[in-house]
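The same subunit A turns up in both complexes below, where it pairs with subunit B and then with subunit C.
On to the complex of A and B.
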């Protein structure tokens, strides 16, 4: 029975991937580069948030410092292209490795703190790195790195007139990150993560090395977040510290995941599917009015969702279907009575 | 899992519906040229962005309708190219470069605008104008002042305002003139700037100009824009005590900087500001007496009425859009100039072909009664070679012309009056 369920779940996952592969062939999407942009952002933000979900959702360590790893990844690609005139690929790998190393170095002492104190420490780390990059001459400080006009194509991972390759690039990132988390979820490491989240002392009593589990989760999370940063810079063709290493960016990681449902596989995707179109289309529809109407509405909707269901959209969806299921059971019981 | 699939399908279908509806919106118009505006309409520079937007709307109002009371090109006729009206599509970049790029792409690809006017923040103008260049479309920049923007060798980018470079040279000219004529013995400089593309460029140009003129920069003070406290920055300036301070503080940061200097009871002998909060008449009004005796390069102020007589009639229309008590300022007026120049170029080229309009923009010297000096002409890279500003000093809450001497109406009050003697 379990084996049958697993096969079914695999099938759904592959169907989802095939659907995502086919989306650009829908005429409305193919003809509208803004829709493509929104889809790219959904995939990117879902991937970013999934990376955060490993440490924040599954392991329960709320980190507000992920923009640092995202930023290091972005600067890795940016430096390769702008400073060294290379394709971004070596910079992407180096950036991801560096982000992992930084994550381990800063997390080790921070993991001695618990709950709110850990979150506050990660806040401070963002500010430290932001200031550092602002004044670091080698990475062009506050001026940031502006991409030169280079040959388009996969070698430079850069296109000027089409967004379709970016969409597929984001999709690959999405499949890799969601694939990894899907694997972890069913793996022993996934159970360790959830055990540490639920009760660290009990987990340790059962022989789990909680420090090692948290460090491994943070390292993996940072490594994947750095890849997302590299994609972000290749897509925007510019990077500066405020764009990538700020509390605002860190909040995106947390917000999307919590909105969708932290500690669930599809929560980040659902969060991104709600948040990104809302953010982009409210700006398009009302941003030009210049009264911040889009931002007011955006904030209001987030408050509404979170007040209604703190477990996020996944919680709302579960609530709805549980209710329907219960109604079915009640009606079946009623049938038996009569 | 079957439940999940049902839920997921429901959400997916909703989104496909929303996408379809939104992407299907088409605006059917005839004899219309759509122009996009891209300014910070929310965020810390929202006030300035709104004024820039209103300035472009004013220019379009004059271009589209006969306004015989306005003595500016195209005011006497209705529309351009034999009756084409300009329709504006507004967008907000929130002061963020990535959003500026996205919105520029959307304006060109979805809204099908012919050109974009913007973006106020240099950091946003940079990626947005790259989008235009890659698509071979025109980007008109009014007031973004980073000199680097016109050093990129772009073909379709045109900027009206003077750059940080020209302003820095002008600052040093004023200092030299003061030393020669008034014997002020100014020698040391402090630079305070927001740590962004704009501020950093301004500071770099300031240092270069100072080195060339033989002045010494003894304080280099960057700060994060949107700061809530500038005590440490002002403390650094106070400790170094430079003769002159060059300031690059936008909007609310400028107010905070001035008030913190008052709180710490310190002033340099002279304070020269790039195109920032100093030039904002609303901020000057808010600061009241505290804003007095600061100086800066100014492209326009109501006190320049005798030098730029054509502005008044256009300004009356502008005031109907932004508020009766808000006149043009140095930044917003440049956005109106950008719109007028683009319309003149299209009219002269007699076509909307991008290459021909771009060539026409480069090939001619344009009448621009809203610009100081009255002319606009572009050099390769898109910089307006005729861009001028004048040094003003706030005296009694009004921008008084103080330099160059041949155009000055008032003497520079030197040194700045200490806080406790005001």
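On to the complex of A and C.
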């Protein structure tokens, strides 16, 4: 029964991925670059949040520091292209490794802190990194790095006239990150993570090295977040500290995941699927009115979702299925009675 | 040397304002374990209330702090009644996200209605007056605002420590179920605490426009500093928040003056990390 369920779920995933591969062939999508933009952002934000979900959702350590790793990944790619005139790939790899190292260095002392203290400490770290990058001459400080015009193609991971290759790039990122989390979820390591989240003392009593588990989750999460950062900068062709390394960016990781449902595999995807179109279409529809009308609405909708179902959209979905199940049970009971 | 004293006193004066903002946050955080992201935006709202009263009706900030305090008190109660109450059942982060949505909304409503311009009240009663002792200049608006903030912090602290209401708040913070069994209406305590949190920032916001420009983003940094103060001082401890706020104000001023203005928040947040590494529960936490 259980195994059958798992297989069925995997089948859903394969179908979803095939659908995602085929989406750009729909003529309406192929013709409309804004739709493509929204789709790319959905995939990117879902991947980012899934990376955060490893540490924040499964392991329960709420980090507001992920924009640091995201930013280091972004700067890795940016520096390779702008300063050294290379293709971004070595920069991406180096940036991801650097982000992992920074994550381990930062988190080791911070994991002594619990709950909100940990969250506020990661806040402080983001602010410190933000200010330092603002004045660091080598990475061009607050001005940021602007990409030069180079040859298009996969070698430079850069296109100017089309967004379709970016879409597939984001899709690859999405498949890799969701695949990794899917693998972890069923794995021994995934159970360690959830044990630490539920009760750290009990987990330690059963022989789990909680610091080690948290550190490796953080390292993995930072590594993947850095890749997302590199993709982000390749897509925007520009990077500056406020864009990639600020509390706003950190909030995106948290917002999408919690809105979708933290600690669930589908949560980040659902969150991104609801949040990004909301953000982009309110921006297009009401952004023109100016003066932040779109953001007022956006904020209001966040409040509305959280008030309606604090567990996020996954909670709403569960609610719906439970309701259906209840209905079934009730009707079955009534069959017996009458 | 007189420069050093001047900078020190400026830092302490800023620190007292931070203390009032932080003690409101500390109350909410300590009693309900909710991180209120919209706290800085309450300050912004309070500042706008006071600014418009001063601009349109010529009411001095020395009086209009009552109005902005009351306004933020009601705002806090509404936040609890309409938003927080529904989120408490869920995971701890959902209240945080809802208040994040609220902060976004308040910020952009202010932007929408009042434009992003910096506004400052001129011609107030204290405007331009100063006390000069030796080489040290004490501008009256800053001095009065800061002393006033300090007094309000002490009043709040007195209420928490010495009155029956304060004991009820403390009991609720320690153990909600046990407090309910003792006949404390925890629901009304929660409402009141959110209101008091709003009141604190409202009063701070009411006094600030006499020397600090109002704009929709003004709350962001104050909110962030308040978070750090509360965490540095220790969970829900008002003396801790006060000490941390004074320390942060001092370090900010001295760091800005002796190292570089760009680095002043690096120094502040660095100090916070250092303290929290040594005492993981903050200065007064246990």
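Annotations
One rule holds in what follows: the second predicted complex is superposed on the first by the 335 of 338 C-alpha atoms of A that agree within 3 Å, B and C clash if a C-alpha of one lies under 4 Å from a C-alpha of the other, contacts with A are read in each partner's own complex, and residues count from 1 in each chain.
Criterion: a residue touches a chain if its C-beta (ideal position, glycine included) is under 8 Å from a C-beta of that chain, and two chains touch if they have at least 3 such contacts.
Note that the coordinates shown come from a computational prediction; the quantities given were computed from them, not determined experimentally.
Looking at the shared chain after the overlay, A:125 reaches subunit C, while subunit B stays out of its contact range.
By the document's definition of touching, of the two partners only subunit B reaches A:243; subunit C does not. Within the superposed three-chain model, A:135 lies in touch with subunit B and with subunit C [touch as defined at top]. In the superposed pair of complexes, A:8 makes contact with subunit B only, with no contact to subunit C. Touch criterion not met for A:21: it reaches neither subunit B nor subunit C.
Once chain A of one complex is fitted onto chain A of the other, the partner contacts of A:300 are limited to subunit C, with no touch recorded for subunit B.
Of the two partner chains, subunit B is the only one that A:34 touches; subunit C does not reach it. Within the superposed three-chain model, A:105 lies out of touch with both subunit B and subunit C [touch as defined at top].
Touched by subunit B in one complex and by subunit C in the other are residues 131, 134-135, 291-292, 295 of subunit A. Residues 5, 8-9, 12, 16, 19, 26, 28-29, 31-35, 37-38, 131, 134-135, 141-144, 146, 149, 160-161, 232, 236-238, 240, 242-243, 266, 270, 273, 277, 280-281, 283-284, 287-292, 294-295, 317, 320-321, 325 of subunit A are the ones touching subunit B in the complex.
Residues of subunit B that touch subunit A in their complex: 1-8, 11-12, 15-16, 18-20, 22-24, 37, 41-42, 46, 49-50, 53, 89-92, 94, 96-99, 101-103, 105-106, 109-110, 123, 126-127, 130, 134-135, 195-197, 199-201, 222, 224.
Those residues of subunit A whose C-beta lies close enough to touch subunit C in the complex are 62, 109, 112-114, 116-117, 119-121, 123-125, 127-128, 131-132, 134-135, 247, 251, 254-255, 258-259, 262, 291-293, 295-296, 298-303, 306-312, 315. Per the touch definition, subunit C reaches subunit A in the complex via residues 29, 33, 35, 82-83, 86-91, 93-95, 97-98, 100-105, 107-109, 111-112, 115, 224, 227-228, 230-231, 235, 262-263, 265-266, 269-270, 272-273, 276-277, 280-282.
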